[in-house]
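The letters A, B and C name the chains in turn, as written, and every chain counts its residues from 1.
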Amino acid sequence: MNTRAAVHLSPSDALTALRDAAPLVQCITNAVVTGFTANVLLAVGAAPAMCDLPGEAGMFAGIADGVLVNLGTPGAEQRDGAREAVRATERWVLDPVAVGALPVRTAFAAELLEHRPAIVRGNASEILALAGAGAGGRGVDATEGTDAAADAARGLALRTGGVVAVSGAVDLVTDGVQVVRIGGGDALLTRVTGGGCSLGAVMAAFLGVCEPLDAAVAASTLYAAASERAAARSTGPGSFAVALLDALAEVAPAELEDRARVERTAVGTAGGR
Amino acid sequence: MNTRAAVHLSPSDALTALRDAAPLVQCITNAVVTGFTANVLLAVGAAPAMCDLPGEAGMFAGIADGVLVNLGTPGAEQRDGAREAVRATERWVLDPVAVGALPVRTAFAAELLEHRPAIVRGNASEILALAGAGAGGRGVDATEGTDAAADAARGLALRTGGVVAVSGAVDLVTDGVQVVRIGGGDALLTRVTGGGCSLGAVMAAFLGVCEPLDAAVAASTLYAAASERAAARSTGPGSFAVALLDALAEVAPAELEDRARVERTAVGTAGGR
Amino acid sequence: MNTRAAVHLSPSDALTALRDAAPLVQCITNAVVTGFTANVLLAVGAAPAMCDLPGEAGMFAGIADGVLVNLGTPGAEQRDGAREAVRATERWVLDPVAVGALPVRTAFAAELLEHRPAIVRGNASEILALAGAGAGGRGVDATEGTDAAADAARGLALRTGGVVAVSGAVDLVTDGVQVVRIGGGDALLTRVTGGGCSLGAVMAAFLGVCEPLDAAVAASTLYAAASERAAARSTGPGSFAVALLDALAEVAPAELEDRARVERTAVGTAGGR
């Protein structure tokens, strides 16, 4: 089994390490974003493999440096593949797309949660629903600010022993004790399908080089920097998506430090939930 | 059940209404175009959700503002999802991809037709085949002009009680009584996969704000205007697809009026078929 | 059954013939690259149809001008579709994605090989694994140079009676007797998902107009020329993918002759393996 890396790295050092290591990232993800997600991983410098087949997914998770399980279109065959994978690695990210609103994936997410994802990444509605504290949004919409899910996120992190990342205008990442907020980025990212889903994949890539909290923060910071670069060059959502891939490939590690608006807030005892 | 909107709107008013409402559009569509279709809907201002799973698709159709059922790659699991959805809403679009040429989807389209789609959108070969008046093309090709399918389209519309939209160099939309033709656009749209499929999704989005004939006409008009904008900025099919997404986001409602080449032809009694 | 074309054509003549014929290309391919592959085929001038459904795939293969079977995400339903297709045509390309590394597709590739693909296209690791001479890479990576797979490719070609194409910095194509090398291109192609998969689809398109060795060489040469054009205009992997589609549509047949670095090496008796 691939156990979690214990290495602490700043976002810029994590990006350098990722590009050096070219981690192999297994994506068990939805049919809408597979191509874009693979292109994001290639742009970042990782090696994507969209291996979700029962009979292969578990074996592959054992050699992958990071694994994403995204519940956007969880057909029966893919659910079996995901079950294999999460038993074979600790370095995995759960993206509970539309959990709360839809019953099949909601039940499946609860099942997967028992296998303790290193990172859970979702929008506020999804995190609230997964933590049992909300009824779910109307699917992929982020209808609430990330702060609304801060307590739910901290409670969920304590339950899984991992990290929870809430995506929004300001991203929030927590391991139940520390809370990190990453601002910046650009709203055009919400006009591109797979913007959030591919962020989860990049978190899985960073799991190959550092520990979960740093991985989630590095990915969010990289996305903020790259989104700003891309927005400066684009004239709408189509050109933004193209420019984002270029930007993810060309962002210098130092840009993550200079642009980061990271606050690490020690919150005393973890009283969430 | 989501019943059909009875509101009459011009293309420009419909576009304004769509951007205000951000309708939730459920897409049960083919594996080739899911990403592009979601990006088109986001560009237009709608909220896409590619929810096609049995056990979820019917429930979701009950809350979606419009639903697309596209038969491009109708696997067994997806067919079951589609069956659920069409029982839960009246606001749905059927896109009978390659019907006539291929037996599984041809039989399935006939089954779905009984659930009375608000709009059927296809090329002339597909509409002729679905109406029982042709043998089907060789798949996704549009090998005949839309006028060749005018009678078949009118007859099919009378049979379903809905609207039929035939896509081609000049789009034709009919409810069996009125016939509307929309010219313009650009042939580059036929060099991008999902050009037609995503048009069907946009019709489903407009079903969230106006009645079916206006919805189909608004979508075709928007595509004509956006395609012309995009063609003016692109150097081939790759850059056209990118520019189309930008154009769909930036087209002003007034451009639909100024650019529309819409003819509403009262055709007396509906003698089609 | 569609039997193999016996026509010999140079790359430039093959491109002219392809654009004239607009061959119908059936793609049974993976979920990651379906959209990009269809766009590549449209850009080249072919007519793509992603028909992989049991009950349809065999019938369609009988009318298609070329068929691709790509093993990137071979779910159970798709495997049944592929089985139908390869029985209905001789004009098919096998792309054994990640064979050797993963058991389900490795067994399935061995089964398909008995149906004698006109062309097998893969990277060196995949060809070595398929020929029984290697243990497979870590998925989609090309971790070895194409020359390392030259003997395996020749032996495999003699076994199938077809052509084997090994993709890499220098592409290698062989029918077991002749060996053709095509250099050029650009490394950015390896940063776009579906770069290799879509090359296999273009080989299937050329199978509609010429014999297998010429088809594989024409496709590789076209990709080298178009990749160089695209790289000259792009600023990263995102803009490269867009520019590649534009370039595939605009490359003039004469550019394939001028740019080709093709060596046809008679190797005497075929002593491979």
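Keep this in mind: a contact is a pair of C-beta atoms (placed from the backbone, for glycine too) under 8 Å apart; a residue touches a chain by one contact, two chains touch by 3 or more.
The chain list, named the UniProt way, goes like this: A, B, C = Hydroxyethylthiazole kinase.
Quick caveat, the model's predicted, so the values are computed rather than measured.
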item	value
Equivalent-chain rotation between chain C and chain A, CA atoms, steps of 5 degrees	120
Proportion of interface numbers common to chain B and chain C (over half same, under half different)	different
Centre distance in Å when chain B and chain C are each reduced to the mean of their C-alpha atoms	34
Multi-chain contact sites of chain C, meaning residues that touch two or more partners	31, 34-35, 241-242
Chain C contact footprint on chain B (complex, rising order)	30-36, 72-76, 98, 101-105, 138-141, 190-194, 234-239, 241-242
Residues of chain B touching chain A in the complex	24, 31, 34-35, 38-39, 42-43, 47-56, 59-60, 63, 77, 241-247, 249-250
